[in-house]
Amino acid sequence: MSFHEEMKHLYKEILANYIQTQNEQVLYQGQKLSRKSLENEISPEDIVSMHKEVIEEIYPDIPERVLHSLDFLLEIMISYGLAHREHQALKNKQRELKSEIEIAVNVQQNLLSTSVPAVSSVDIGAISVPAKQMSGDYYHFVKDENGCVNIAIADVIGKGIPAAMCMSMIKYAMDSLPDSRKNPSYVLENLNRIVEQNVDPSMFITMFYGTYDPFSHLFQYASAGHEPGFYYSAEEDKFYDLEAKGLVLGIDRNVKYSQYETAISSQDMIVLLTDGVTECRVDEEFIERTDIIKLIRKYMHLSAQELVEAVYKELEKLQDFQLRDDFTLIILKRLV
Amino acid sequence: MQFQSCVKIVTEWDIVAARQLGRNVSKELGFGTVDQARITTAISELARNIYLYAGKGKVCIEKINRMGKSGLLIVASDEGPGIADIRKVMEDGYTTSGGLGAGLPGVKRLMDEFEIESVVGEGTEIKAIKWLR
Amino acid sequence: MSFHEEMKHLYKEILANYIQTQNEQVLYQGQKLSRKSLENEISPEDIVSMHKEVIEEIYPDIPERVLHSLDFLLEIMISYGLAHREHQALKNKQRELKSEIEIAVNVQQNLLSTSVPAVSSVDIGAISVPAKQMSGDYYHFVKDENGCVNIAIADVIGKGIPAAMCMSMIKYAMDSLPDSRKNPSYVLENLNRIVEQNVDPSMFITMFYGTYDPFSHLFQYASAGHEPGFYYSAEEDKFYDLEAKGLVLGIDRNVKYSQYETAISSQDMIVLLTDGVTECRVDEEFIERTDIIKLIRKYMHLSAQELVEAVYKELEKLQDFQLRDDFTLIILKRLV
Amino acid sequence: MQFQSCVKIVTEWDIVAARQLGRNVSKELGFGTVDQARITTAISELARNIYLYAGKGKVCIEKINRMGKSGLLIVASDEGPGIADIRKVMEDGYTTSGGLGAGLPGVKRLMDEFEIESVVGEGTEIKAIKWLR
């Protein structure tokens, strides 16, 4: 028996049974049959054609007009059948694209991989989750020869593939910076020139660069239009915005960046983030920066890594598991 | 108190019982044929998930009323292994007609509202609502 | 009248007409209606439901069993309806991805743009067509301070997005080479080290680099596992393979590349290409390199640019307008 | 000589005439109902393209026999503006249910073989075959 005959046989049996009993169990069998025919790429017009053949066999005395009406229904279904087959093709294409992007994601992760530096006096946590498969957020840690922890965090305006391609450029540019001069304003000025030269004018990049010196306990930083982070003072038990002024990268090649500094006491925290954290949308409304602070407070007793992960989990759920922007959150806490 | 009724899902026959319950309630509420079929398919899918992946659990059907609208609420809960990556399970285009049936994105499409809560090692609860138009 | 009622009204009219006449013109109306309902995202199960309602109205005496059978058909169609709605979602996603890739293509084209150098004694033509939207082929012309024409042609093994990301790296690497030393073996050795360091080991790049000196009429070249080009001797009216040995880039950081040279006489040609040209497949069979030569001969009387375009057009058509690999073809012809 | 018959496409009514011709021939050749409907839809689509974009042209239907198989050949030709980028027109997913009908990828799917030749400024010829199984 050919596959078509087998399906038709099954369809006939189940349909005849249903016409007699109108029983739910038969409909469940019907649903399973329907799933099977979908899996075997049987088109909706094929179903209607089978329906007509079968009903003619079950009831040889079926009125002519019913058969004509089914012929008409079949004609109507032809366009649906086409859309259906287009769907199969599109799904294959999508699968192909998906595996292509997966490879690109690997290339990107290889390129951008960074590890949290081990410094005994600070606890550092970092999480970065792309909204789509490829990220337009970038973060990077370097512990330099003086023992300072350098942290870069950047966000390409735009998401997905083009943003990821820009991000790779930032990485090449960062790599080619001389190791010896890593003070924040110099780093941003240098990157700004490279971005201005190489990136097409429709793309903008915001960036924050900071250096923590575990001996002087100074945190020095500069920002190129980046979403401000927070400074948490343990003594006052209070969060402050980590304000810093500066134009986004790639607009004006001669821009200068101001450098700021803050003294960090024991148990103080530096919170760095991208706008994907602060611009979480819940039911079409943005959450407030104060909501982020509340969440950080809620999990502040945890280690820095557990803390950033807990905040992410809550925000992910609040957004119904659909990120609208790349999400990067870094927390640095002075221990002693 | 509002109407609520549950079916325990242990064997495949229980899937049919859950479907029957859903169809009766949706008919009572005055849903049209197509919506009845959609609700029943959603229930079927949820019950089948429990049967296949959690081993056992239950499907409850509730008539609800909110802000003047009435509707049907399905609550499917189990104490199975739970879902580690909900974002992935809710992703589209890789289950339907790939052999696994409509999957959760399908259930979400068949209904008007959809909510999922899952803890790995503890279980999963899914709530889905269809409103009467 | 609501949209649903309007559709139902139309459906009823056309169906009733068809049952009476079984006329082709009515089916044409049906097809238009079907298209309209597809456009308005009406699911196939909605069509069956409408069909049932309408046939009940047309024939109040329709047998019960026919109605039951339509209920069953409706149940069967629910899965098809789901697949249909998934299709809508997938199409939107695809559209989004498409526009994302379009932007990335622009970023790439900005990055890789090159123009054929103007040298009065040679005629140069170049064409490069990606198989997918983003290219993993790369070519670049530079006329250096000595008046030499430098030509780079490269192919990332792999296609699409990840290949394109690699390609961008080649471009950054090429840009950072010192201008003064562009002899082919040096260029390849230098690039090889950069690729070996930065590209993940699953990716390979083949590359050919050549320099034509319009004063000495020497063409010097080296190849890193790249598809050999052709040298056409006008005097002999004969094509030779432009053989050159060398490992692909990124495998062994210490590899050395041999440098070759050929004297170019008036009317001689250098043909450079990627394997997308020679590995055109027609009906599952690869075409031969001799077929490429035949095609070049056929259009050799044209200008270099017209020649490469004519060859591309023929091969595109032979392949049913579906390129399986990125296609790059460069021809350089000495005029006087 | 083999059977061949043509319909000139100038007005929308000619689309119906072309459909009718295609349906008759496909019925004569012994195609089943579904294939008849598919062939007719393909013809309809091709005739409609001529009517909408080329202004005028013709659709010919031929019974063919090759290597023991018999089939139906549609030849749709026009002297319209031609198609500049055939690769693009044959691309998927952007025409169907976007308002433009099945488009050429749809025709290709409805039939077994498909060939297109187009010269800008001169016109387009499309050949499509359905084989009897």
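Order of writing sets the labels: A, B, C and D. Residues in every chain begin at 1.
We take it that a residue touches a chain if its C-beta (ideal position, glycine included) is under 8 Å from a C-beta of that chain, and two chains touch if they have at least 3 such contacts.
For each chain, UniProt lists the protein as follows: A, C = PP2C family protein-serine/threonine phosphatase; B, D = Anti-sigma regulatory factor.
Predicted, not measured: the structure shown is a model, and the values here were computed from it.
J.: Tell me, which chains sit next to both chain B (Anti-sigma regulatory factor) and chain D (Anti-sigma regulatory factor)?
T.: Of all the chains present, those in contact with both chain B (Anti-sigma regulatory factor) and chain D (Anti-sigma regulatory factor) are A, C.
J.: Using CA atom averages as chain centres, what separation in Å is found between chain A and chain C?
T.: Computed value for the inter-centroid distance: 28 Å.
J.: How many angstrom lie between the centres of chain B (Anti-sigma regulatory factor) and chain C, each centre taken as the mean Cα position?
T.: Whole-Å distance between the two chain centres: 44.
J.: Send over the residues of chain A in touch with two or more other chains.
T.: In chain A, the residues touching two or more other chains are 27, 31, 35, 38, 71, 75, 78-79, 83, 86, 90-91, 93-94.
J.: Counting only residues that touch at least two other chains, what does the list for chain B (Anti-sigma regulatory factor) look like?
T.: In chain B (Anti-sigma regulatory factor), 41, 93, 96-97 touch at least two other chains.
J.: Does the chain-touch network form a line, ring, star, complete graph or other?
T.: Drawn as a graph, the chains match no named shape, so other.
J.: Where do chains touch, given as pairs?
T.: Applying the touch criterion to every chain pair yields A-B, A-C, A-D, B-C, C-D.
J.: Quick one: which bits of chain A touch chain C in the complex? Just the residue numbers, please.
T.: 14-15, 18-19, 22, 27, 30-31, 33-35, 37-38, 44, 47-48, 51, 55, 59, 62-63, 65-66, 68-69, 71-73, 75-80, 83-84, 86-87, 90-91, 93-94, 97, 100-101, 103-104, 106-108, 110-111, 158-162, 164-166, 168-169, 172, 176, 198-200, 202-203
J.: Which residues of chain A touch chain B (Anti-sigma regulatory factor) once you look at their complex with the stated criterion?
T.: 24-25, 27-28, 31, 35, 38-39, 41, 91, 94-95, 316, 321-322
J.: What part of chain D (Anti-sigma regulatory factor) is in contact with chain C in the complex they form?
T.: 15-16, 19-20, 23, 40-41, 44, 86-87, 90, 93-94, 96-99, 101
J.: So in the complex, the part of chain C that touches chain B (Anti-sigma regulatory factor) is made up of which residues?
T.: 45-46, 49, 52, 71, 74-75, 78-79, 82-83, 85-86, 89-90, 93
J.: In the complex of these two chains, what residues of chain B (Anti-sigma regulatory factor) are touching chain C?
T.: Chain B (Anti-sigma regulatory factor) residues touching chain C: 32-34, 37-38, 41, 92-93, 96-97, 102, 105-106, 109-110.
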